[in-house]
Amino acid sequence: MVKDNGKIIGVADTMFARINMGEIAVETLGDKAKKEKIKIERYTVPGFKDLPVACKILIEKYNCDIVLACGWVGKEDIDEVCAHEANIGLIQAELMTNTHILKVFFHEKEAVENAQKQKEICIDRVHKHTLNALEMLDGKEALRKNAGKGKRQGYTDAGEIE
Amino acid sequence: MVKDNGKIIGVADTMFARINMGEIAVETLGDKAKKEKIKIERYTVPGFKDLPVACKILIEKYNCDIVLACGWVGKEDIDEVCAHEANIGLIQAELMTNTHILKVFFHEKEAVENAQKQKEICIDRVHKHTLNALEMLDGKEALRKNAGKGKRQGYTDAGEIE
Amino acid sequence: MVKDNGKIIGVADTMFARINMGEIAVETLGDKAKKEKIKIERYTVPGFKDLPVACKILIEKYNCDIVLACGWVGKEDIDEVCAHEANIGLIQAELMTNTHILKVFFHEKEAVENAQKQKEICIDRVHKHTLNALEMLDGKEALRKNAGKGKRQGYTDAGEIE
Amino acid sequence: MVKDNGKIIGVADTMFARINMGEIAVETLGDKAKKEKIKIERYTVPGFKDLPVACKILIEKYNCDIVLACGWVGKEDIDEVCAHEANIGLIQAELMTNTHILKVFFHEKEAVENAQKQKEICIDRVHKHTLNALEMLDGKEALRKNAGKGKRQGYTDAGEIE
Amino acid sequence: MVKDNGKIIGVADTMFARINMGEIAVETLGDKAKKEKIKIERYTVPGFKDLPVACKILIEKYNCDIVLACGWVGKEDIDEVCAHEANIGLIQAELMTNTHILKVFFHEKEAVENAQKQKEICIDRVHKHTLNALEMLDGKEALRKNAGKGKRQGYTDAGEIE
């Protein structure tokens, strides 16, 4: 089933990240994006605090319908503060554009000093959020089937409480 | 007494939640919404940080008169930081639209490791806030009768200090 | 001396509060408001995080010249975080409207587990801030006489350092 | 050398402060303001959280070219949170008006329980920032001579690292 | 290869800094800026909390295509809070202008009481971020080659996780 919905997905990522998160997103989009003629726009910035304006530019200048903001947060407290600032900015960018920006952030604190585990969590998170973005192109009810299901990106799902 | 006030209530919820908070809101709206021909618009997003823009879209694109933003906050510190970001964004969305968004957030920290208690608090909170939303459709003085009464959602009321 | 200055004061309060703060404000406005034909507009919301948009509506829809935002903050840490969010929103609402919103917040932490003391501080604070609001209707220099005087609402004044 | 540059400096201060910070600013402006026909507009508000909108009004309604926002922060943790909110608001007001608002805040924590020391730091800070404001009226390069010089207001300069 | 791209880079710095960060940025821009006829606009302010509006003015009044915001953060907790406020403001300024402002902040906490180490980290950071700014003038894909490479400013790179 081929449809050309003319949609554009933005992928913003950073030089700071220790994994090519943007590339993982693009690969995940791969087949489906090709089949449905979804266009991809990438934007690489130095660090995650540069993501909010990059995402806004992707939306307003490159006409993206949804954006994946891929950030890698260092293990220091100051990094967490920066992540907080970036997230406030990303939400603000969403409100200024009425467009979703999925905040795909990996925090080194999730697996301190264990690079392989970090990589694993990060890849899973980028992968799942990319699929979320694809579904969200279909409108506000596309994810309803998963409402309240305790879905997690980066980990196994927590599940619904019976 | 049937009135068709043409009002629309938005219900935004998440896949992250471990209870179908959106469904509880819709069920609570049930009879009254039907009798008064109040329309309901739902919007499901991945996590609660995606709620601000979803609520703003419900208001600006789907013409909602009031919105319930249903979020479930994990037990980690980082989850609390995210909830803080989401709430700042929700208040900002309210200011940009001059429309109320009731912030219906359950925090796992309220009942750590006790899933049944979590469910109980969460259901009570969604239920009561949904009733608040319905009353608020009647204007700025609809809740005055309860001013200073120590009302609580999720718990028994604290009551007025004599 | 009767003057009809056509001014409107907004009073926003909550169901969450354990004292009817809005009523105290209205009573304090009482005689003076009557003499000077100052109109009062009230708005009651569920909790203090709903105050920012309520105040903005009081200003933009009900033409208030100044607003009293009356909030009661619970004793838990999460309540303090919420108060922080509400205050950021209130300041933002002021900036969007070029209108003062006096932030009349009582925090249970000021007198933990002592309801009578809480009531006493809260009443004093609402009372004094209501009088501030009345004076501020007379313009930016009305309070200059008290500049640097260490004025406190809810407590006795700290006074000026000699 | 007399020049009439038609500039206006705003001075906003509070009743909460324990020193008449606004008066110190006005006195510091004194001779120079007189010589250069710089006009001064004052605005006194209850507390420092009321400063952001006061400064914005000074800029937009009273046409100030730069504003000194003079705040005195109490010694409690809640006071520091309030100062944080005020500063976020002041920066926001600057961004909305493209006009500098110098944030002249004294924190009691800088010299707990030592009123004379508090007064001394506060006066020095107001004084130096007032001189900064005067220089900044001459444009974006007026302070370049001091770039990287480790200048401090309220204390002796830290100086440049050799 | 000479090109006159008509680009303008803004450099904002402070009197508070203990190193002339703005000068280092200008020197780094040096040859390349000259060759490519890139114009430089400098703006010096008292402290880093004055940077957001300075950067916005550089963008809107001086037509800068990108700005380096150079801040030096003291070692006290209050300094870190101020840095947080400044960063929120800088991101907001970016969103209001759709223009990148690179946040080149050095924190004394990175090397407490070691002035030479502070200087070293700070110089490296300014230098690398200035080069980033130059590359970013070439558009959103100029930095893609470094995506996920664990790039660090002020330190050696963390590198990509294999």
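We call the chains A, B, C, D and E, going by the order they appear; numbering starts again at 1 in every chain.
The rule we apply is simple: a residue touches a chain if its C-beta (ideal position, glycine included) is under 8 Å from a C-beta of that chain, and two chains touch if they have at least 3 such contacts.
Worth saying up front: this structure is predicted, and the values here are computed from it rather than measured.
S.K.: Going by the touch criterion stated earlier, list every chain that contacts subunit B and also contacts subunit C.
M.R.: Output, common partners of subunit B and subunit C: nil, no chain qualifies.
S.K.: Given that subunit A and subunit B are copies of one sequence and touch, is their interface built from the same residue numbers on both sides (over half shared) or different ones?
M.R.: Answer different: the two copies use largely distinct residue numbers here.
S.K.: When the centre of a chain is set as the mean of its C-alpha atoms, what distance in Å lies between subunit A and subunit D?
M.R.: The separation of the two C-alpha centroids amounts to 41 Å.
S.K.: In angstrom, rounded to a whole number, how far apart do the mean CA points of subunit D and subunit E lie?
M.R.: 26
S.K.: What are the residue numbers in subunit D that touch two or more other chains?
M.R.: 84, 88, 92
S.K.: Classify the chain contact graph as line, ring, star, complete or other.
M.R.: The chain contacts form a single closed ring, each chain touching exactly two others.
S.K.: Touching subunit E in the complex: which residues of subunit D?
M.R.: 80, 84, 87-88, 91-92, 94-95, 98-103, 107, 109, 129, 132, 136, 140-144, 146-153, 158-161
S.K.: Any idea which subunit B residues touch subunit A in the complex?
M.R.: So the residues of subunit B in touch with subunit A come to 13-23, 41-46, 49-50, 52-54, 56-58, 60-62, 78, 81-82, 84-86, 88-89, 92-93, 96, 115-116, 118-119.
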